[in-house]
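Structure provided below as structure tokens; questions to follow.
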């Protein structure tokens, strides 16, 4: 499925409800952060050995929170005139330089701490 | 661009660095929330009339933060075996019922407060 | 009420349940962010003119979320050996320099943009 | 140090700069979440065995982020007319009922999953 197809569906939903008036970039960033917080909420206090079980129990909720973050993110990129897919590929390319395989393999250090 | 193509690129980048060991679902949810927080940071204290100017000044940073959220979200969905595009369409469909046009048009009330 | 008194109460609650094992600084930071997200959730999509009414309707929930953030923050500071009250006063003092009244009065610009 | 003393200091700082106009409860909730995100940022990808070292290296930054969350939280409570210390004690008392020692000792389950 393409990002563009889904984005078109998101915008049609929004415009049918005349919601663009509420969706300035700040409000979308607020909503993305709040939904990311809901996603995170499912993992609070969970220890490494509990994650797999947690994920199985909470799959419908996790799917829902991921969808919410995605919907808001696709709309924000669209409203800002950003090609999100291209921005992601550009970022990965930049990360190729920041995290060269020879230095970054098996390490979780940040690029400025490698 | 399809979600699947970008996801394949993300996983290739990750696997070349042997990073799957760090990317359990909780860690990805933590990283998504932290990146969403960076996106939000650009708008803190900004008033409605300042948003447009802010967005123009901070476009490279905003593009970058959106890409980060997207990259982590696509990987999380993939790792959980979730078809993110389908999950988003399913959520929009559910929202069609929760927010019928007749009731929701022009309103920013939550579905349980409509 | 002093921060120290409340912190003692928080630690007694935690230790009676043998929860220190779950409360490393990362987990506390995760929990603080998730609770901050719940606080924020109450304001998503709300426009400036709606905030006052919102606050009145949601006061018990807001009080609850603020308490949660505070409880986790006090414990985190305590666990790290940080005197939170002093750290706050130190930060305000630093902000006095970053945001001199003559330049910052009536402005919402960040210190590096003043 | 009392919450009230520090809060008085926070409000004096704010009022000298005429910033109350920017500090409605939503904006404060946005700022709290963004600062919590900065706190979390220091722990992204860090594994349990790395936390202690991380905390030592990042102590000044962590102190700073905790102070920021605290300053904003104390102001929000004050602006809403909430006695934050009392709200925290009330919440701990409620948690005593939700998490009875006999059931909650050594468990990280949520109260509705105990």
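In this document, chain identifiers A, B, C and D correspond to the written order of the chains, with residue numbering beginning at 1 in each.
Convention: a residue touches a chain if its C-beta (ideal position, glycine included) is under 8 Å from a C-beta of that chain, and two chains touch if they have at least 3 such contacts.
Quick caveat: nothing in here was measured; it's all calculated off a predicted structure.
Chemist: Taking shared residue numbers divided by all residue numbers at the interface, is the value for subunit C and subunit D over half (same) or under half (different)?
Modeler: Looking at both copies, the contact residues mostly coincide.
Chemist: Starting from the mean Cα coordinates of subunit C and subunit D, work out the distance between those two points in Å.
Modeler: The computed centroid separation for subunit C versus subunit D comes out at 3 Å.
Chemist: Between subunit A and subunit D, what distance separates the C-alpha centroids? Give it in angstrom.
Modeler: 25
Chemist: In subunit D, what residues contact two or more other chains?
Modeler: Those would be 22, 30, 33-34, 36-37, 40, 43, 45-48, 108.
Chemist: How would one label the connectivity among the chains shown: line, ring, star, complete, or other?
Modeler: complete
Chemist: Hey, which residues of subunit C end up touching subunit D in the complex?
Modeler: The touching residues are 1-6, 9-10, 13, 16-19, 21-22, 24-26, 29-30, 32-33, 36-37, 39-40, 42-43, 46, 48, 51, 54-55, 59, 62-64, 66-71, 73-74, 76-77, 80, 82-92, 95-96, 99, 101, 104-108.
Chemist: Give the list of subunit A residues in touch with subunit C in this complex.
Modeler: Per the touch definition, subunit A meets subunit C at residues 22, 27, 30-31, 33-34, 36-38, 40-41, 43-45, 47.
Chemist: Which of the residues in subunit C come into contact with subunit B in the complex?
Modeler: 30, 33-34, 37, 45-48, 50, 108
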